Amino acid sequence: MSSERVTRIGLRTVALGYLFALLFVPVGIVLYKTFEPGLGNVWASITTPAAIHAFWLTIMVTAIAVPLNTALGILAALVLVRGRIRGKPLLDALIDLPFAVSPIVVGLSLVLVYGANGWFGGVLTSAGIQVIFSWPGIVLATIFVTLPFVVREVAPVLREVGDEQEQAAATLGASRRQTFLRITLPAIRWGIAYGVVLSTARAIGEFGAVSVVSGRISGQTETLTLLVQKRFENFDLAGAYAASALLAMIAMTTLLALTVIKPRKEHE
Amino acid sequence: MSTPDLTAQDLGAAPRHRGRGRSRETAAAAGRPGPLAAGVVVLWLSLIVLLPLSAVVAKSLDGGVGAFWDAVSSRQAVDALKFTLLVSFAVALVNAVAGTLIAWVLVRDSFPGKRIVNALIDLPFALPTIVAGIVLLALYGHDSPVGIDIAFTRSAVALALLFVTLPFVVRSVQPVLIELDRDMEEAAASLGAGGWTTFRRIVLPNLGPAIISGCALAFARAVGEFGSIVLISGNIPFQTQVASVFVFKQIESDAPITAAAVSVVLLVLSLGVLLAIRGVGSWGGRHEL
Amino acid sequence: MTRAVRRSPLPLLTVLAALVALAVSGCGGASDSTSATADGGASSGSKGSISLVAYSTPQVVYDEIIPAFQKTTAGTGVGVKTSFGPSGDQSRAVEAGLPADVVTFSTEPDVDRLVKAKKVAADWASGPNKGLITTSVVSFIVRKGNPKNIRTWDDLLKPGIQVLTPNPFTSGAAKWNLLAAYGQAADAGKNPQAGLDYVSKLLKNHVKVQDKSGREALQSFVAGNGDVLLSYEYEATTAQKKGEDVDYVTPDDTIKINIDIAPTTTSKNPQTAQAFIDYALSKPAQEQFASWGYRPVNADVLAANASKFPEPSGLFTIEDLGGWPSVNDKLFDPTNGSIAKIEESAGVSTEK
């Protein structure tokens, strides 16, 4: 039907046009500026000792924060959508809290609790544990800011698919574990996938909170975003863009990995 | 003959019980999480989020309630809060429309390069906001190659916020859209409903919670957004100063109590809006809007 | 139809790989530089290590000084960790427990904060260098060739001239800028009202935006905003060395900017920390500073570079204006300071 085709193309044009102006062109500029100095220079930029360390620090922090939030996010989504508890709106609101907090405040709140002069400061210092200005602080800040993503992605999908299939499985004698692994998880896999993608992208791109709790010690607590900022500050624009490109690459790799490894769903 | 008013239930879809009226045995076996799961989740939330935030609340009251009130009722603070909330709300609305549209196109349409487009959607998240700010400034600021100069204006703030909130609604709607049962739409089409009607009465109610969810995320992110904003907006008090920048200024001026106080108010207000958005969403869902 | 879910091994592998790589690449690689010649000094060494916590702009100089220090007898085998950031943030971080052996900041209140927190000795400024590592002056940074011919403070108030200066409540550099603007109109502090009038005119009519740090203001200027940037003199030299097309003019009436350095009382390596400071004050290091536009405190090096660093005829100091504590209170208190009040009223009348 031609009117359907017109609509389809019309929608496509508007959507792509919006994305073009808002996303493609800016990203294209970043890519262009990144590779302008030449591939060799870009490679040199991202293989300085500080850059390598920043890269692995960022990966490590993300590799700790995202799986934790994923596991708990799935649990929280199940509780929210299917749980038999009172006070769900409150839980709902609590899960949104990390979004309502500005990154700087996130960082400061952690310093107020875990810093040397903070609530747990005395205990931590005498135990010789350094949270703030060391990687645990960065991990805590990252967990904080990425906490809601998986929940918020999985919950609507859970609601959408309903639990008829789980009911059927139960009446057929499936155990809770079987039901979860074979029915629930596959049904929400796209929610999980996009939740993980968003969490990862947010984790690697986090700047405000990390800049407060990390202490910016080069080669020790400097993440990729902090490195980008430092390079910008020192007029090393090419280096800054190169590090940014690394971040973009990590984000896109995550998405590609998730969409490739997951069993492909038929798209109409 | 006019198109009959169709609802999802008319087409025979199972009414959405949302879990009431089931037997306990099947409920338990179906993996319905009990109080232990809820407890773990609450503990997790408390440790990671509530604990640090209560330290901020405590700090804000360090100087007593009087100091708290003074801090948040100053002209600059109020203006910053108003501006932040208004712009963020507008941005959330734009995202609701644009994000749904983009998700629709990404899931239902196919064109060369779609996978690449899909992969690019998350970039605003991954790019540090300072990069986003610099790039947006280069594009739409003084030296704009396309002749649009909105640097240091309110539109600039809105634009930066649109950029950083792009993925939210898209990624919220996508998974739901993928799992959506096409049968109802096909049935509606076979009964003579046009595309828009089908979308409005069949698809949209199902996407509703996801759109609302994504909107809420976009709103909250916009409210807290900091890095990219300062660069492009230039931080003019009363004009383009967003609340998070105001807070930052207080921190840098060694006024942590003021900073904490305004942060608390911002937090409460944002949370209030978030609850309202979710409330509207679930009310709409129950009444089959 | 069974729908098997393959648990992706990717996340687990990533974690393992990361941990292994982290362990392997563990120590090593500190300061970052992408130029072929400069190599980041080792951050760990056989003689222990020291931590330098500094404000952001002199990183380029320390990137050169640190490796040179590590070649001296005092510095051989010493690892140097560095942290650069906004002066106020860094100072607050040290107060909150960031380990530091040597600190250097661009405004004295940032050091005083640490004195109050008992992390820096109260007599930190009593040595022969008076606690200073370098000095500078507030200058006008202009486009190459100075097309608008901006030479004096009055030129800044000419119609249509757009001035960039960062936000004084988030940037130490901005404070110095406004103190210079205030001081020169106030006749080195003798006529405060005249000073405030000048600052008021400047902020209301000529300053449209205020970036949050001096370096960001410089980058904003370099990106094409504004006609003139108020900044440290050395920022112009640094920008020029990095290939930017800027010039600078030092007005006759301007303020002397003091850059402070001090060892901490919490240092685990106090002798090495002092050795590092001594090296930074020595001739080769001070020459490095001079090459980047910083006015050395070492008298010999300053004399050797006299042509580069002419003494402005109307130079005044922060002491002339009453000293930092008084100035911070009267002018820069965020609620009651005079400049805060000017900023607030400026917000109303500034056009978009």
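Letters are used for the chains, namely A, B and C, taken in the order the chains are written, and counting of residues starts over at 1 for each.
What we mean here is this: a contact is a pair of C-beta atoms (placed from the backbone, for glycine too) under 8 Å apart; a residue touches a chain by one contact, two chains touch by 3 or more.
Please read these numbers as outputs of a predicted model, since none were measured by experiment.
**Student:** Name the chain whose C-alpha centroid is most distant from the C-alpha centroid of chain B.
**Tutor:** The chain lying farthest from chain B is C.
**Student:** Can you figure out the chain closest to the middle, judged by Cα centres?
**Tutor:** A
**Student:** Can you give the whole-Å distance between the Cα centres of chain A and chain B?
**Tutor:** The mean C-alpha positions of chain A and chain B differ by 15 Å.
**Student:** Give, as an integer number of Å, the spacing between the C-alpha centres of chain C and chain A.
**Tutor:** 33
**Student:** If you average the CA atoms of chain B and of chain C, how far apart do the two points sit, in angstrom?
**Tutor:** That pair's centroid distance is 38 Å.
**Student:** At least two partner chains per residue is the criterion; list those residues in chain C.
**Tutor:** As it turns out, chain C has residues touching two or more other chains at 89, 216.
**Student:** Of all residues in chain A, which are in touch with two or more distinct other chains?
**Tutor:** In chain A, 232 touch at least two other chains.
**Student:** Would you please write down the residue numbers of chain B that are in contact with two or more other chains?
**Tutor:** Answer for chain B, listing residues that touch two or more other chains: 138, 248.
**Student:** Provide the residue numbers of chain A that touch chain C in the complex, in ascending order.
**Tutor:** 41, 44-45, 48-53, 56-57, 59-60, 63-64, 66-67, 111, 115-117, 121, 125, 130, 132-133, 181-182, 185-186, 189, 211-212, 215-220, 227, 230-236, 238-239, 257-258, 261-263
**Student:** In the complex, go through chain C and note every residue touching chain B.
**Tutor:** 86, 88-89, 113, 167, 169-171, 208-212, 216, 223-225, 332, 334-335, 343-344, 346-348, 350, 352
**Student:** Of all residues in chain B, which touch chain A in the complex?
**Tutor:** 14, 16, 19, 22, 25-35, 37-38, 40-42, 44-45, 48-53, 55-56, 58-59, 98, 101-102, 104-111, 115, 117-132, 134-136, 138-139, 159, 162-163, 166-167, 171-172, 174-176, 178-180, 182, 195, 206, 209-210, 213, 216-217, 220-221, 223-227, 243-244, 247-248, 251, 256, 259-260, 263, 266-267, 270-271, 274-275, 278
**Student:** Where on chain A does chain B make contact in their complex?
**Tutor:** Within the complex, chain A contacts chain B at residues 3-4, 7-8, 11-12, 14-16, 18-19, 22-27, 29-30, 72, 75-76, 78-79, 82-85, 89, 91-106, 108-110, 112-113, 118-119, 140, 143-144, 147-148, 152-153, 155-157, 159-164, 166-167, 169-171, 174-176, 179-180, 184, 187-188, 190-191, 193-194, 197-198, 200-202, 204-205, 207-208, 224-225, 228-229, 232, 240-241, 244, 247-248, 250-252, 255-256, 259, 265, 267-268.
**Student:** Please name which positions on chain B make contact with chain C in the complex.
**Tutor:** Touching chain C: residues 74-76, 137-138, 141-143, 151-154, 230-231, 234-239, 241, 245, 248-250, 252-255, 258 of chain B.
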